[in-house]
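Letters are used for the chains, namely A, B and C, taken in the order the chains are written, and counting of residues starts over at 1 for each.
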Amino acid sequence: MTELLQQVINGLSLGAIYALIALGYTMVYGVLRFINFAHSDVFMLGAFTAFYSSRALGRWGFAGGGFLGGLLVLVISMAACAVIGVLIERLAYRPLRKRSTLTVLITAIGVSLFLQNGGQMVFGVNPKAFPNIFPSQTFKLGGLVINSNQLVVLGVALALLSALHWIVQRTRIGTAMRAVSFNATAASLVGIDTNRIISFTFGLGSALAGAGGVLYGMNYPSIEPLMGNSPGLKAFIAAVLGGIGSLPGAALGGMVLGFVETGVSGTRWSTYRDAVAFAILIGILLFRPAGLLGRNRIEKV
Amino acid sequence: MPGWLNRSQLVLAAALLAAGVAQFLSNRLDSYVLSVAMGVGINIILASSLNLINGFTGQFSLGHAGFMAVGAYTAAVLTGKLAPQLQPIFGGHVELLFPFALIVGGLVAAVAGGLVGAPSLRLKGDYLAIVTLGFGEIIKVIFQNVEYVGGAKGLNAIPDYSNLFWVFGTTAITVYTVWALMNSTYGRGFLAVADDEIAAEAMGLNTTRYKMVAFVVGAFFAGIAGGLFAHLNNSINPSGFDFNKSIEIVVMVILGGMGRHTGVILAAILLTVLTELLRQFGDYRMVIYSLLLILLMLTRPQGLLIWPIRKSASRRTT
Amino acid sequence: MSASGLQLNRVTIRFGGLTAVSEVSATVRPGELAGLIGPNGAGKTTVFNLITGVYAPTEGTIEFAGRALTGLKPFEITARGIARTFQNIRLFGSLTVFDNVRVAFHLHLQQGPGQSLFRGPSFHREERELSERTRELLEIFKLDRVRNEPARSLPYGDQRRLEIVRALATQPELLLLDEPAAGMNPAEKVELMKLIQFIQERYKLAILLVEHDMKVVMGICQRIHVLEYGRKIAEGTPAQIRENPAVIAAYLGYEPENGPTV
């Protein structure tokens, strides 16, 4: 029983991180109908921004390890990733707006390779220990072991999800985002500047990925330039699982993936972790391509 | 009816002969040049066979490295662990073990292609790309976990059976196969499926069967290329057949202009040589490669080496 | 084809809550030139998609030549002798005009992947024969001079014609034409009417025509079926349809006193 609860807690905090990344995939797919392969590398850049900014803050005498300091690092990382995301869209994807999905997909793969290999040159190939940006403490409740970082992860993820929900449902720009993702041509006909909305979407999605990177670093104490691959893939699967284009779906899919992964890790099949994730992806695509919360489309003849 | 009607087969025979002559003269070549040349041949096989799926039939597969892995492992096991049992079958002709291993590797890869293709080929575009990517990665994970083939460390001390004859002989057969499949009334069906599946179906084409044929034949040659690769490099491991390897092959097809025979062959040559040249940049290699890829997509997404119109086969049907 | 031709028996299809076609029954006899008309969104193209197996009916059955088409895939239905064109032209754009027609002989091919590879004498014989037949078709329909152009580069009218020729190459007994006159000027429409009549006489096949243009439908069809909101509201000769109050109401948009009759 305790073990199960422990798994639930671990699954929740991993799932929350997947959910944050999955949201970026799903939002970009919503407005541009393509899979942004470079998204997982923005996540990696988020972790590295946190790594360097917390160091810099420490050097400037800013008390590292405090709660406010941690929040500041988080905000810096999110802002940096938002800028990077917007830049990537501007430089690499926008010129391809009218081209085939295939072209954009390959470009995205190119951007991803560039960020990973560039990252290896700039940050080095070896894993780096991630600093304690938030005060860390371990509680023991009966047989349960809970790290305060896990609670921070859950709290931050929850706060960001609510903020995103508010932006998308309640603000003007959120309404415009939904309009673009429903029908980009119609949206531009009623005077929505679709390019601006797409930029905003990339910024928003990348900020969430950046936050995901910071939270991931806190829970898995070392970071390296290729760290985005595996979580990126899982988050992408989460987005498809929930129904690509659906925000609640991405959040739900992230949670499911988190639980499945912690579940499988506890068994002797743990080396098949990634294969299980892919099997879920394939199963979903084959049997319910619209995902858990997505809608089916009928092809027009 | 012999004569010019079978000209294509004559070209194939000449290419096979040339591969034999090249092999005969190969001891005069520098071993580095030799291995790059064989790398070129293997990449032509990979790119041409993927071109059948992605280019001519319009299905976007991102799992070609997975089928290559199946062929590589099968062939390496046959010439390695199972060689003592197999050799007696070939009697005095041990040299036949390698082609046998290659073909079996291709067949097993083709079966894998069929197993992957059957459920996935009703998906289109991005979704098909992701599912094939997923299958490719699953194949990799399975090899990582099978101790019989060395797990994550892979197989070592694979005999170096690959030579110019086998590599370029197979290359010639692959190119001929893809070309011959396309240049017939039956084969125009692949292009029709790529252009418009619904219309193709309405014209009585069993589009699912066409896609399966493309997928299985493509996987077969990827498997053979894997076998050649294993016996050129002498060692293989699962991570050598990951998603990045698949991307590399996809890039050759795109660079050559999807669905063009010569363009894709030239692209395979160009990229293999380019990769070798970039080696001198060491760590910068992949950074330059990725930047070139992005620039290419931004400036020439239709391919680097293309001609305005797909050559019509209506003037002559041979 | 047996005497029974094409029969729709109380065919219904629903997409979620929307009933696009409701209990439609109709017959197209062998060799008949029939029309299917109705206002926008009446379900005409959906009926085509049901006949050709793109959609499966929720209820009801469709029979052709005395055999049910239930559960058949589109290509199997084409093999039974039903060919079609599409409202929004669907040619093989990157293929040449010649190849567009050649590929449609698929159902009657002896060759497969094996013969394409080995290219023996019988392969070459078949290829020559098909080239000949393709060229003949292209000549009859005056597309011969553009045979090496990619289909997508043809002018609109030629594309429409090519789509019909391609459908004929499958050697159908029933040809479904989905708005063949769409986007044509009056002179082209007159040409088209002649063409359709010519096809029916020369190839002795039945034709079912979805069309908006009343002149075209009234001018050439022997029998007309009228749909409105997915239901069949009338059937008869052009003269009968012209007088039918339900049809007039459907097209003019008001309710006649006795209401539409099914």
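By definition in this document, a residue touches a chain if its C-beta (ideal position, glycine included) is under 8 Å from a C-beta of that chain, and two chains touch if they have at least 3 such contacts.
Computed from a predicted model, the values in this text were never measured in an experiment.
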Please find the two chains that have the most C-beta pairs touching each other.
B-C
Of the chains present, which has its C-alpha mean closest to the combined C-alpha mean?
B
Computing the C-alpha centre of each chain, which chain sits at the greatest distance from chain B?
C
In whole angstrom, what separates the CA-based centres of chain B and chain C?
41
Could you state the distance in Å from the CA-based centre of chain A to that of chain B?
35
Where the centres are mean C-alpha positions, what is the separation of chain A from chain C, in Å?
50
At least two other chains touched by the same residue of chain A: list those residues.
301
Please set out, as single numbers or ranges, the residues of chain C touching at least two other chains.
54, 86
For chain B, residues contacting two or more additional chains
198
Over in the complex, which chain B residues touch chain A? Could you list them?
60, 119-120, 123, 125-127, 129-131, 134-135, 137-138, 141-142, 144-145, 198, 244, 247, 250-251, 254, 283-284, 286-287, 289-291, 293-294, 297-298, 301
For chain C, which residues are in contact with chain B within the complex?
52, 54, 73-75, 78-79, 83-84, 86, 90-96, 98-99, 102-107, 109, 111-113, 115-117, 119, 121, 123-124, 126-128, 130-131, 147-148, 150, 166-167, 169-170
Flag every residue of chain A that touches chain B in the complex, lowest number first.
34-35, 92, 95-96, 99-107, 109-114, 116-118, 120-121, 236, 240, 271-272, 274-275, 278-279, 281-282, 285-286, 289, 299, 301
Which stretch or stretches of chain B touch chain C in the complex?
1, 5-6, 8-9, 177, 180-181, 183-189, 191-192, 194-196, 198-207, 213, 217, 309-310, 312-315, 317-318
